[in-house]
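Starting off with a structure, shown below.
A, B, C and D are the chain letters, set down in written order, and residue numbers restart from 1 in every chain.
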Amino acid sequence: MSEQTTWNDVDSFAERMKTLRHQVWQANMDLQRHNLVTFTWGNVSGIDRESGLVVIKPSGVEYSELSAENMVVVDLQGEIIEGNLKPSSDTATHLELYRQFPSIGGIVHTHSSYATSWAQAGAAIPAFGTTHADYFYGHIPCARALTQQEIESDYELNTGKVIVETIGATDPMAIPGILVREHAPFTWGTDPHNAVHNAVVVEEVAKMAFRTLSINPSTLPIPQTLLDKHYLRKHGKDAYYGQK
Amino acid sequence: MSEQTTWNDVDSFAERMKTLRHQVWQANMDLQRHNLVTFTWGNVSGIDRESGLVVIKPSGVEYSELSAENMVVVDLQGEIIEGNLKPSSDTATHLELYRQFPSIGGIVHTHSSYATSWAQAGAAIPAFGTTHADYFYGHIPCARALTQQEIESDYELNTGKVIVETIGATDPMAIPGILVREHAPFTWGTDPHNAVHNAVVVEEVAKMAFRTLSINPSTLPIPQTLLDKHYLRKHGKDAYYGQK
Amino acid sequence: MSEQTTWNDVDSFAERMKTLRHQVWQANMDLQRHNLVTFTWGNVSGIDRESGLVVIKPSGVEYSELSAENMVVVDLQGEIIEGNLKPSSDTATHLELYRQFPSIGGIVHTHSSYATSWAQAGAAIPAFGTTHADYFYGHIPCARALTQQEIESDYELNTGKVIVETIGATDPMAIPGILVREHAPFTWGTDPHNAVHNAVVVEEVAKMAFRTLSINPSTLPIPQTLLDKHYLRKHGKDAYYGQK
Amino acid sequence: MSEQTTWNDVDSFAERMKTLRHQVWQANMDLQRHNLVTFTWGNVSGIDRESGLVVIKPSGVEYSELSAENMVVVDLQGEIIEGNLKPSSDTATHLELYRQFPSIGGIVHTHSSYATSWAQAGAAIPAFGTTHADYFYGHIPCARALTQQEIESDYELNTGKVIVETIGATDPMAIPGILVREHAPFTWGTDPHNAVHNAVVVEEVAKMAFRTLSINPSTLPIPQTLLDKHYLRKHGKDAYYGQK
């Protein structure tokens, strides 16, 4: 916190972190409710941008034992600020994304079955329809494989770096997810809840794309006009979907 | 309402609209019960043919917050007659179908997974068996893609127009559903409940057709005689299925 | 009933029919519990061999409205003996099987998804593994398509006749089910409960065979020795599976 | 028990067996909870290494009737030590694995759908991603088919022998499962609970591998470096996954 911190700021910070812990816990539980995880194969984090603190699921703890209280708080360098448990083994990946994508507020990692199958196949998920275009402004990319060296040291950090490299100059909120090759999907969003929402979308879209290709292996992505139409009717200044 | 409206008519109209609101709300909830929707990716409407008023789901509202009371009432030109929420962003599609198909009383739109995959693949669902023939008197058509111009202005209205163009001179109740290419299915029926029933049928039939083609890619549609037999034992004047 | 019927026989007959009605109702409800039916796409019957009376589901009635009391009783010629509702539209198929297969006590018809897909593809389900061999002593046959004439008159009776033709001289209890081409599976068993059990087996085996062929399209059926081993360890005089 | 057995040992033995019975019963019930079994198509056992006694599910008993009390206790030669029911017909397979793999404490056999499909297709499950590598240090092997002679006499014992032959010199805990060709998977673990865990993993990994190959039939296994990274971050002395 900055030099000008007052007691008011302290109260507000404590309140924000309490809320964030609860959101991150809830979002982790939602992975189960949406059938995105087997055992503990997934994790959600959220960031408080003002303080730069990240709340993340502890490593390898069963869902039934998770609570807002046992979520782990780390700073953007990975130092544990609060919590007695070790943070998720994927923490370094999450932190790299928070450092490089200032617009995101929550991150999800799962091994959801269809999306993971695309990641294992080393293939991007083409934008085959409007369901996809409502959320992703183009295909869901599949990152390149990590090199031997990238795997052997700082594996989780390098996973984050390869994600950032793949997204490149694209607005991360226009492509709020990616497939890590030979591994599984990561998604992000404005907050933990929104990142879970996008994880559900990736799995549903991955399932439909799988079936689409089975029915017609030469299916082409939808034209740019339709991609624009659907993405922009839900996003951006002229959006007219929902009650906004 | 016409000039000769009496108080009796007013009462009966109010009663009908109350019933229709409830039916449309119930039908929307049934989409969830039948696993046809993820999040808010679906909508149901119903029409009161006497007044020409349409009751439809509000746009982007979670299923848990839907009620008979927050359904939106619009006229056939899309003017909101009752309701504080915006109607479904697909309202213009529904209205075009109600205007052109006078025999239908309810419409359903979903992104149900198998049917959407067929729509994305740009392929009609062939009548591969009696399950199909019990409800659809021929293949379930896939509409042509919209042109760039049709997408860029009046997209939802044009979606309806392309559906109507595809159905052509066929009795819409003999083919109570269609795949909108690169998008997803629309189904209809005598009322909202019946339209949901047909949405379930389209998804089940799409699933079986997908598997049928995987087992035997050269499967042919069933012969006309069998199509006649099954369709006509459930529909038309000589029907003998059920307790009628 | 024969000339020598005594009051005792009458009581015992009434008791048996009451039990059979309950069994048939229960077996119909079990179709839902095992996820074998959508809407009313399935029916179960059972026979009292002593009197030759068959208890069967009424046609097109929702599962929630079924009861032991509204099951319909017909004789082997299809005359309604008890009940105010029309029997299943597939009754004539069931009766033909009861007439030709004296060893069976219950019959099930469903449109379960994987088995129906095989029927639509016009392909027998090969015995690819021991799961199959535990119940079916060879492939699950797919009947030939009905001729135009067989479809146009006495369709349901002819469906039964083609099933009987396909089973031929085989013991129907060694192959307790079949795929009716372009239609869906029928299974049978010692009683209604056992017939439902076999309907579950057909669906599970159909699902696995579908996946087996996707993984390895040139998979061969298991050898006769393994078929013998598994079928005979559960059936016949040297069976050693279970607590018998 | 050895000559030096004291009353203390007897108490401790009784306590251990009571615990093991409960664990084996619970693990059998968990097969159902994880959707790994249809009807009674599965069994779990556990061993008390000190006494060499094995607790196993009785043969062909419905899950609703299982209890810790009706589990069967056999010695490593298959003699029934406690219990009025016959042990699982696969007991001889379990015992062979316990005799040859001294490090394992629990065994699971299921006919779970995807894993069984791979077994029927006669194909090993390649290590296509990190989900697989987190548990299996290489592909999940598919055993060779049994010979006619191996099927005809001592079939279940020979099934165990072929499993042992296939695992060979590999540490069974590094490859805690296998596909028995034309049959179904067996998995094992440190105790019954862990063996069930591995049975879930095999099914999930089998499902993803099936989908991976459908998307991209020429997918290659992950490189050794990534296999090392994931397997060793969860197993072995430098593991850093979880709260250890």
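Here is the rule we use: contacts are C-beta pairs under 8 Å (C-beta built on N, C-alpha and C of every residue); 3 or more make two chains touch, one makes a residue touch a chain.
As the structure is a prediction and not an experimental result, all values here were calculated from the model.
Between chain A and chain C, the least number of touching-chain steps is 2.
Touching chain B and chain C at once is no chain at all.
Note on chain A versus chain D: their Cα superposition corresponds to a rotation of 90 degrees, in steps of 5. As for how the two copies chain C and chain D face one another, under half of their interface residue numbers coincide.
Centre-to-centre spacing of chain A and chain B amounts to 35 Å, using the average Cα coordinate of each chain. Chain B and chain D have CA centres that are 49 Å apart. Counting partner chains per residue, chain A has residues 213-214 touching two or more of them.
In terms of which chains touch, the assembly is arranged as a closed ring, every chain touching its two neighbours and no others. Contacts from chain A toward chain D in the complex involve residues 38-39, 41, 58-61, 85-86, 89, 111, 113-114, 116-123, 145-146, 148, 151-152, 155, 182-184, 210, 213-214. For chain D in complex with chain A, the touching residues are 128-131, 197, 200-201, 204, 207-209, 211-216, 219, 222-223, 225-226, 229, 233, 240-243.
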